Structures are given as C-alpha cells and as structure tokens.
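The two complexes that follow have subunit A in common; it is paired with subunit B in the first and with subunit C in the second.
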Partner chain A sequence: MKDLEKSAFWKKNSKLIYLITAIALLALWRPHAILYGIQRGSLYSLIGLPLSLTLGVVGIMNLAHGDFLSLGIYVSYMFFMNLGVDPLLSIVPVTLILFGVGVLVYKLTITKVLKSGHLNQLLLTFGISMILIESLNVIWTSRPRNVYVPYASSSMTIANFTFGTYELLYVLFAFAVLIGFQLFLKKTRLGQATYAVGQNPRGAKIVGINIGFVYLVVFGVSIAILGIVAGVMLPRSSIFPMVGAPYTMRSFCLVAMAGLGNLPGILISGIVLGIGEAIVQSIPGYSGWSDLVFFGVLIAVISIRSMRRLAL
Partner chain B sequence: MRRVFLLAIVLAVMAMMAIAATPIKIGAVVPLGDITGDQASKAMRLAVEEINAAGGVLGRPLELIVIDDELKPEKGAAAIEKLATVDRVDFFVGGMSSGVHLAQIPIMKRYQKITIWIGAASYLCENAVGPTADWYFHLHPWDYQQGESYGRGWSDIVAAYPEITTDRIFLAYEEGGFGTASYDSYIALQKLAAQGEGTWAGVINDFRGESFKSAALGGGDYRAMLQQAKAYNPDLFIWAGYDADALPILQQAKEIGFAPKLFVGAPPGWPAHFGDSPLAEGVTLYGMWAPTLNKVSPVAEHFWNAYIERYKEEPATYFAPLGYTNIYFLVEGIKAAGTIEKAALIKALAELEYDSPIGEVLTISPSNVIKHQGFTAQKILQWQNGEQQVIWPLELKTSEPEYPFPKWEGR
Partner chain C sequence: MKTIKYSVILLLLIAAVLLPVFTDAYFISVAITILTFMTLSLSWDMMLRTGQLSFGTAGFFGLGGYTAVIISADLGVDPYTSIIIGGLVAGSIALVLGIAILKLREIYFAITTLALASVFSVIIRNLHKITGGPSGKIVYQTLFDYDSTKIYWLMLGIALGTIVISELFKRTRIHFAVDSIRADEVVAKSHGVDIFKYLIFVFVVTSMIQGVVGAAYAQQYGFVSPESTFSAHYLLLPISMALVGGIYSTIGPIVGAIILGLSSEYLKLMMPYGHLIIYGVIIVLVVLFIPRGVYGTIRDFISERKHR
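Then we have the complex of A and B:
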C-alpha cells in the first residue's frame, strides 16, 4: 500500500522534483544567476497571471495588458510625488483605481467585441494600448522618471555571496497572487462561477450564472492586480510611457508555455524562463543571447507538448 | 512725364516694402515627442523671437516652421520634402536621430538648400552627405570625434590629477545599435592606443566590454553585467545606454557593492530629477553643455535665463542650447554676408566665429568627409551636489573632479 502511495506521489510530482533538482544543481554552478532568475521570473509570472485569467475566462487577448501596468506605475508615481505615499503603500489605492479603470474600459469597449472574432478584439485592445501610451506621453512626456527609496537597493551577504533582497518581493507577491487566485476560484461562490464560465460559458448561463457580471469582475480584477505589480516595480524601475509594453508579449509567452487556465504553470514557466535568461546573461560575451534562449525554451516546450498530444 | 516718374517711385517703394515684409523662412525638423526635440524647437523659437524683436535680419523677419519627425525616417524625409515644396523655406535646420537623417539626406541633396544640422552623430550620415555638399553644415560632433575627444579629455585629466588612473576600462553597452556602435568605436580606439596612436594612447591599457538589455527596450536587469564588471575591477566603468537605465544601474551597482573609482554614464539624455537622487553624486558623464557653464560664459547665462523666463522650465538637454545656436549661427552668417544668396552665405558661414551658449566659440572646419563641421568635442562633466559640473576642458572647468567615486554607504 505504501509503495503504491509512493509511486502515485512520484508520478504526480516527478516533473516538479526534476525541476527543483535541476535548479539546485545550476545554483551550485551559477548561484547569482539562479537567484536573479527566480526573482525576474517571478515578476514575469506576477504580470502574466492576470492575463492568463482574462484569456482563460473572458477569452480576450488583451494587447494593452502591459500598458495598463504603465498606467498603474504612473499613478503610483503620482501618489509618491504629490502625497509622499511610499510605493509599497500605494499598492492599495492604485489597485482600487485600476480596478475602476478596468471596469470602465470593459463596459465602454470590451463588451462590444465579446462576440466578435479575435481580430476585432486584437484591433480594439491594440487601439486601447495606443491611446494609453500616447496619453502618458502627452501628460508626462517620454522623459524617464524615477523614485528613490533606500530599501530598493538593500542587499545581504552570506559567506561572500552578496545579493539584492528587494526583488524577493516579486517572488513573495507572485506566490501570494497565485494562492489568492486559487482560493478565490475554489473557495468563493463568485470564484466557482468564474471557473464554471471559464469551462463552459453556455452551460454556466443555463444554470443561471450571470456571465456578464463574471466577465466584468474578472477583467476588472486582472487590471487591478497590475496595481500591485506597479507598486512593487516602481522603486526599481524607470518610469516612461512604454515601461509596461514589453511585458505584454512575455505574458502571452507564459500563457502559451503553461497552457490556458494553468495558473501554477504560469509561475513555474516564469521562473524557468527567468532562470534561463539569467544564466545566459551571466556567461561573459553571451548576454545578448538571453532573448533567444527565452523564446527558444518557449518553442521547445510548446513543441514537446504538442508532440506528446499527437502521440496519445 | 512727372506723373509717370512719381508712379514709378511709388511702385518701387511698394516693391521694396513688400520684399522687406517677406519673412526669411527656416524649416526645422525635430522629434517633438522627445525631450531633445521638444527643447531644441523651443530654443529655436526663442532665438527667432529675440531676433524678430530686435528688427529681424536684413530688415526682414524670420519665420520658423517646425515639423515633428516622430523619430521615424519616413516622416523625417517627408518633412524635408514638404518644407521644400509646400512651405518653400529658405533653409533647413534641426536634426536628432541618425537613422532619420539618413532618410533625409537624399532629399536634401535634391534641393541643396543651405542646411545647418545639430543632430545625427553617426559617421554613416557624413558618408551619405559626401565631400562635395558645400551647402551642408553639421554642428554636432561626429561619433568618432566624440570618442577622440574623450581620449583627449582623460589624457588631460590624468596629467592634471596624477592620482586619477584610467588603465583598466570596462564598457557596459546596450545591445542595440547605439550601444554596439559605442563598443565598436572603443575597440577601434583601443587598437590604436595599443600601437601608441590616437588620443587614447597612454590612457587605456586594458579594456573589456559586456552588453546589457536597456530598460528602454524591455530590459532593466543589469546585475549579471555588473557582477562581471565587479570581478574585472576596472579603474573606469562606463555604460552606454539610455536615460531609462541611469538610476536602475546605480541602484543595482549599490546592491552588489560595485563602486569603481570612476563611474561614467554616456546616455543621450538623463532622466528627470536625476541629480536629486543621492546615488547620482560623483557620477561622471559626457555632454556638450551643463547649466553650470553660466558661471563662465555670459552667452550661456543669457540663454539659460531667457529660456526659463519664456518657457517656465529649465533646459534639461544640450539640444536646447544647440537649437538656439542653430538659429543664431545662421542669422549671424546672413548678417555677415549681407544677403541670403547661396554662395555668399556659404562663404560667410564657413568663416564665421560665433560665441555659443555651449560655452565655446563655434567655428567651421573640415571633418573626415564633409567641408563644414562645427563642434568637434564633447565635454566631461560630473554630477556634484545635484548639478552637472564641467571637469574638462580644463579651461572651462566649473569644479574639481570628485575622485574616487564615493562609497555607497550612507547613500
């Protein structure tokens, strides 16, 4: 009986155990790269998680995802500059403001293309992206800005190994958001309704679930989560209108790698890609190859998965 | 007969009045969405307003027509075409990006109007203009001239301050075109220096470069590159990236405890309020101008005060005084020539000496390819107590260099 249990545990968690072992071995070779990779990968995951939820439940390919992050960073910056609110404390009001923005954008625009094809949705969200970028440009110009808080460059030394500690917050928040999403989807009525809508919208409607309301909340929450990211990123990032834009493509990559609706997979994919990127960057003369590795790993994972499906 | 004579006089006077009222048209092409183009165009307008308030030039007012190239080559090229055919301007001014300028040069060659350009530092632009374009005046130093001037600057500094050394240099460069071009030029300069030639001879003995992805292009994690720099232990660490990289690089250098003796930044511009950050103290930079030049140059002081009074903001990039210089250099040339006729004006501009708000007297000399090159050097500056101080040229210095770069503790 115990052997059976062991075998079942191994079967269920073998991939994760392999992954952890591989990371531990790499850590002996390049400890800095592993730490930086986990930190950066967690940031990618933190931004990718809400996109995955929107894509999985509402079915919208939001090309403005990263630009809502830019907006959140500017709002957080305004709180810091005008009211002296610490970026980490500004997470609360910025999240609420972005939730409102998300709800407004959903009501005014997204509802109009829900039943249209993907092309219309892409065009609409691309348009929203352009409007956001240009508005930020007009209001704040393209000149980068920064905030300075001493704790953002805090570090720790363990046996001659000096490393930055601030970006561990990315890891903390990524896990917190993932756990929050899982609890919401499994333990709350609205979460269960969301799960049902994501699985089968027509069936959910037949059993009386208000699909429109679920879509509204999911879209609003996915934008609101970017308010958390904005507050955490602000002390470490320059602020300019295009600051969030590159994360849109990265988030889509994570969703593609993890599979639609696989929230823990987003976190794992982010960390794997982050580590791959950091290892390449740590090799003298090869740091320019990090993007290639990022997308190479992505293509390899998607190809292996599709080959497995074909083999079944 | 008397009536005919009177009529002829009236007509002649009217014709002269009409010519006098006709403005001299100047067409400017700059990227208005970028602070460099925005402030350059504002400074140009300021110069035009000042000149018109003083009665214009040759009794005629100036008219400035500004077109935004949006940093896009096709828009920049179309802007030159429009200025030449629709607005029928007399002169072209402006400029920023080399990529945009490469698309404009063939159209400029078609119209061959007198052109005074303040941007586009790439030698590729110089090659595209060619040696025969005598109507083309380029005020910004070319990229190779900048590299040579830094070598001259460090040589002078090392000679003047024996405690400063620059033997081991580490260049961190962004992986795009701008950073890669910087890396290539350093490699070329180091090769020359190794043979005992060029301005870097005796200044650089060992060199290493490593690329990074700029925050402006979706990067922003410099720690791997900084770890390599720390292990190399350079005398002079220099990064060639964009303004978005400036503070995060310092933050991450502080985080890993990397404080080289000279921390140099070479972005085209600096982020807003950079000097206010405690991390900025002691950072060395390259640039053509600093607000502290007001202390040593009355022209720079006049420009500074006039700009702030007119726009209620401070000039934050050297393209502001360059834009101002762009207009004044042209107008002083017209005054010297006494006409806007092409050949006479080219001759007058080529011989002109203009005391510019950049802090130097602008004169024209040939460069590697073109006949009419203006400035040939950048300056070496340093952030001290929130201000950019000039530390080289030594004759223009506004402060002593802060050396070595201050430790991170307490910042």
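Then we have the complex of A and C:
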C-alpha cells in the first residue's frame, strides 16, 4: 500500500522533480544566474498570475496589464515623494486605488465588449494601454526616476557567494499570492463561484451565480494585485512610463507556457523563463539578447503544441 | 449610376495627382503623412479581413526602413531599388514567421505579432556592425533631395497601388476565401478552402506593403533608429484610422486616414505633447460606440433606407 502511494506521488510530481534537479545542476554551473533567474522569474509570475486569472475567468486578454502596473508604480512613487510612505507600506493604499481603477475601467468599458468577440476586446484594451502610457508620459514626463531606500541594496554572503537579499521578497510575494489565490478559489464561496464561471459561464449562470459580479471582482482583483507588485518593484527599478509594458508580453508568454487555469504552472514557467533570461544575460557579449528569450520560448511552445495538435 | 461613380473616382484621382500644383509646401507634407498612414492602415485592414488581428504593422514598417537604409548606405544601392528590396525583405521574413505563427488563432496570433516590433528592434539594437546599434544609421543621399512634390507622387503611387491590391482582394477569388475564413473557419475548411495558404498569402502581401512604406519613409529622411523606426505610432495611428473610417472595406481606411490626418495637425497645435492620448481615446470610443466606423455606419444607413 505504501509503495503504491509512493509511486503515485512519483508519477504526479516526476516532472517537477526533474525540473528541480535540472535547476540544481545548473546552479552548480552558474550560481548567480540561477538565483537571479529565480528572483526575476518570481517577479514575472507575480505579474502573470492575475493576468492568467482574468484570461481564464473573464476570457479577456488585457493588453493594458503592464501599463496598469506602471500606473501603480507611479502612484506608489507619489506616496513616497509627497507623503514619505515607505514603498512596501504603500502597497496597502496603492492596491486599494488600483482596485478602484480596475472596477471603474471594467464598468465603463470591458463590460460592454464581453459578448462582442476577441477582436473588439483586444482593440479596446490596446486603446486603454495607449491612453495609460501617454497619460503617464504627459503627467510625469519620460524622465526616468529612482527611489532610494537603504534596505533595497542589502546583500548577504554565504561562503564566498554574495547576493542581493531584497529580491528574495519577489519570491516570497509570488508564493504568497499564489497560495492566496488557491485558498480563495478553493475555500471561499466567491472563489468557488469564480471557479465555476471559469469552467462554464452559462452553466454557472443557470445555477444562479451572478456572473457580472464575479467578472467585476476578478478584473478588479487582478488589477489590485499589481499594486502589490508596484510597491515591491519600486525600490529596485527606475521608473518611466513604459516600465510595465514589457511585462504584458512576458505574462502572456507564461500563460501560454502553463496553459489556461494552471496557476502553479505560472510560477514554474516564470522561474524557467527567468532562469533562461539570466543565463543568456550571464554570457559575456550577448547580454542584450536576453530580451528575446521570451519570444523564442513563446514560438517554441506554440510549435510544440500545434505539432501535438492541441488546441491552444 | 456607374458612369457617375467612375467619373467621381477619376476626378478625385486627377485632384490627388495635381494637388502639389495648387497647394503650399506645408500642406504637401501633411498630405505625405496622410498617404503614408493611409497605406499602412489599408494594409492592416487587409489582414484583418481574414479575421486575424495583426499588431505587426510597426515591425514590418521598421524592417523595410532599416533594410532600405542599410543597403543604400553600405552597398550603394540606389534609393528606388532599395525601396523594392525593403518590401521584399519584409515579405520574406513575414513568410518565415507566418509559417510558425499563422497556426495560431485569435488572441494568440494577435499577441505574438504585438511582440514583433520589440523583437525586431532588440535584434537590430544588438547587431551593431550592420545596423549601427542603438544610435541608428544615416544615409547621406536622400530620396529626391527633399523635393516634397516628387515624394508626394511616390507616396501617392504606393497608396494607389495598395488601393488597387485591396480592391483586387475584394473582387477576386481571394475575397471568398478570406471572408469565409473570417466568418467560420471550420466551414471554410470543410468546403475545401486551404486556410493556411490564403492566410500566409495575405500576411506576406500586407507585410510587403508595410515594408515598402517603411522603406520609402526612411529614405525620405535618410535616418533610422530603433526607437523612432519601430515606434508604436506606426501601429496606433493606422489602427485608429481604419477603425474611425470603418473596417473590412477599402474606402473606410482612406476616409479615416483623411479625417484623422487632417485633425491631427490641429491637435498637434492644440496639445503638443499629449495628442497621442486622443488616438487611444478614439480607439476605445469607436470600439464601444460605432464599431462599424464612419463609412460603415453611413453605408449601412443608406442601404437600410433603400430597403425600406
């Protein structure tokens, strides 16, 4: 009996164990790149998780996802500059503000294109993305800004191996958000309703779930989560209107890698992508090419899936 | 009725050709910009007619521009040939990419093409020796030596060529294939339409047009750089023009380009920095309230009255 359980456990988790072994082996080769990759990958998955939720439940690809992140970072920056609020503390008000913005955007625009096909939805969120980028550009100009807090540059040394400790917060937050999402979906009534809507909106409607409300909450929460990311990112990144835009593509790449509705998969693919980028970046002379890794991964994933004739 | 239609088209054509004779240099430069974006807008709409939303416009535009400037600066190819080669290079890269990404549908295709402009600009930024890296590349012998009248005629020629191709797409067999793919892919497939072949064909042709426009545009100024050449302008403006005019038609993007092109001059004077916000707002408002655009709405209104 025990053997059976053991083999079932092995079967279920064999891929994950292979992955961990591969990462551990790579870590012996390039330790810095791996650690950096894990930190960066956690940031990607932190941003990708809410996108995956909107895409899976509401069925809308939000092309303005990264730009809402930029907005959050600027709001957090304003809190820091005008009121002296620590970036990590500003997470609370920024999350609330972004939730409000998300609800407003949903009520004013998204709710009107829910039934009108993917073309209009994409164009709409593309328009919203452009409005956000250009507004940030007008209000705060394109001059890059930086925030200094002493703890952001702290580091740690273990046996000749020095690394920045602040970025480990990304990993912490990524796990926290993932676990929070899972608990929400499995344990709460609203979460169960969300799950049902994601599986079959019509069926959910028939059993009496208020679909509109679920959509509203999911969209609002997915924007609100970006408030957390904004607060965590602020001390370590320079701020300009396009700061969040590249994350939209990477988040989408994670969703394509993990498949819709696979939240733990987002974290794993995020870390894989982060390590891939970090390894390319660690090769001398080729660091500039690391921005292409996600595209290569996207094309590879797509080709593999289409070869297997799996409908994406 | 038909003779009236043809004579109106002929008159408009003569007016367009003779425009530089009557107007001043400022208006000609506005007209050149309008023609450039009109062609991009039309080519974007041609791809859209297959039901696939492509965000690759800026990417292929920049690719054409870079190709033209590089071959005329380094290999000494004359500007006119370089424009054609720019289009061919954009087309052949579209062919290779299309084989990989045209297997995708809906959001997956749209988002992969959205990445193209940034992917191309990263590649170009990293190939220092050929492309000049982040600082860009200059060619000293510009097209027609800044003679705006001749540039106007060249852009008009490209725009007219695109209009003809667009009309050919609407009137030949391709039209049935394209419309049936957009309406219902499974049905189209089961009726024997080779979906993949037609999608690749349309994707390559539209990318070639975008490459040619990009090459002509870059040759006018003799300068390319990753930021300016792959700018989101060349995606945002064509899309908003086509949407305002009305998608799935030849006249729609033309009307949209003229409306937005003229009003953007006014907007630039009113608000020098933030005028791009207006384009975003236009896209959102059109999608929400008049998804058929100006031309589409008027056309539907007229045909409704006729049937009454």
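Please note the rule applied: the second predicted complex is superposed on the first by the 291 of 312 C-alpha atoms of A that agree within 3 Å, B and C clash if a C-alpha of one lies under 4 Å from a C-alpha of the other, contacts with A are read in each partner's own complex, and residues count from 1 in each chain.
Definition applied: a residue touches a chain if its C-beta (ideal position, glycine included) is under 8 Å from a C-beta of that chain, and two chains touch if they have at least 3 such contacts.
Everything numeric here is computed off the predicted structure, so don't read it as measured data.
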On the A-aligned overlay, A:S282 touches which partner chain: subunit B = first, subunit C = second, or both, or neither?
first
Please work out whether A:S14 is in contact with subunit B alone, subunit C alone, both, or neither, and reply first, second, both or neither.
neither
Which of the two partners, first being subunit B and second being subunit C, lies in contact with A:S155: first, second, both, or neither?
first
Kindly classify A:N137 by the partners it touches after superposition: subunit B alone (first), subunit C alone (second), both, or neither?
both
Is A:N200 in contact with subunit B, with subunit C, with both, or with neither (first, second, both, neither)?
neither
Once the shared chain is lined up, is A:N146 touching subunit B (first), subunit C (second), both, or neither of them?
first
In the superposed arrangement, does A:N120 touch subunit B (first), subunit C (second), both or neither?
second
Just checking: does A:P246 make contact with subunit B only, subunit C only, both, or neither of them? Give me first, second, both or neither.
both
Where does A:H32 make contact in the superposed view: on subunit B (first), on subunit C (second), on both, or on neither?
first
Return the residues of subunit A at which the contacts from subunit B and from subunit C coincide.
137, 246, 288, 291
Quick check on the complex: what are the subunit A residues that touch subunit C?
61, 63, 109, 112-113, 116, 118-120, 122-124, 126-131, 134-135, 137-138, 246, 249, 252, 256, 288-289, 291-292, 294-295, 298-299, 302-303, 306, 312
Subunit A residues touching subunit B - in the complex, by the definition given at the top:
32-33, 36, 40, 137, 141-146, 148, 150, 152-155, 162-164, 166, 236-238, 240, 242-243, 245-247, 278, 281-282, 284-285, 287-288, 290-291
Give the list of subunit C residues in touch with subunit A in this complex.
48, 51, 53, 55, 100-101, 103-108, 110-112, 114-115, 118-119, 122-123, 125-126, 232, 236, 239, 243, 273-274, 276-277, 279-284, 287-288, 291
Sort out for me which residues of subunit B touch subunit A in the complex.
33-35, 38, 175, 210-213, 215-218, 220-221, 223-225, 227-228, 242-248, 251-252, 254-257, 269, 271-274, 276-279, 316, 411
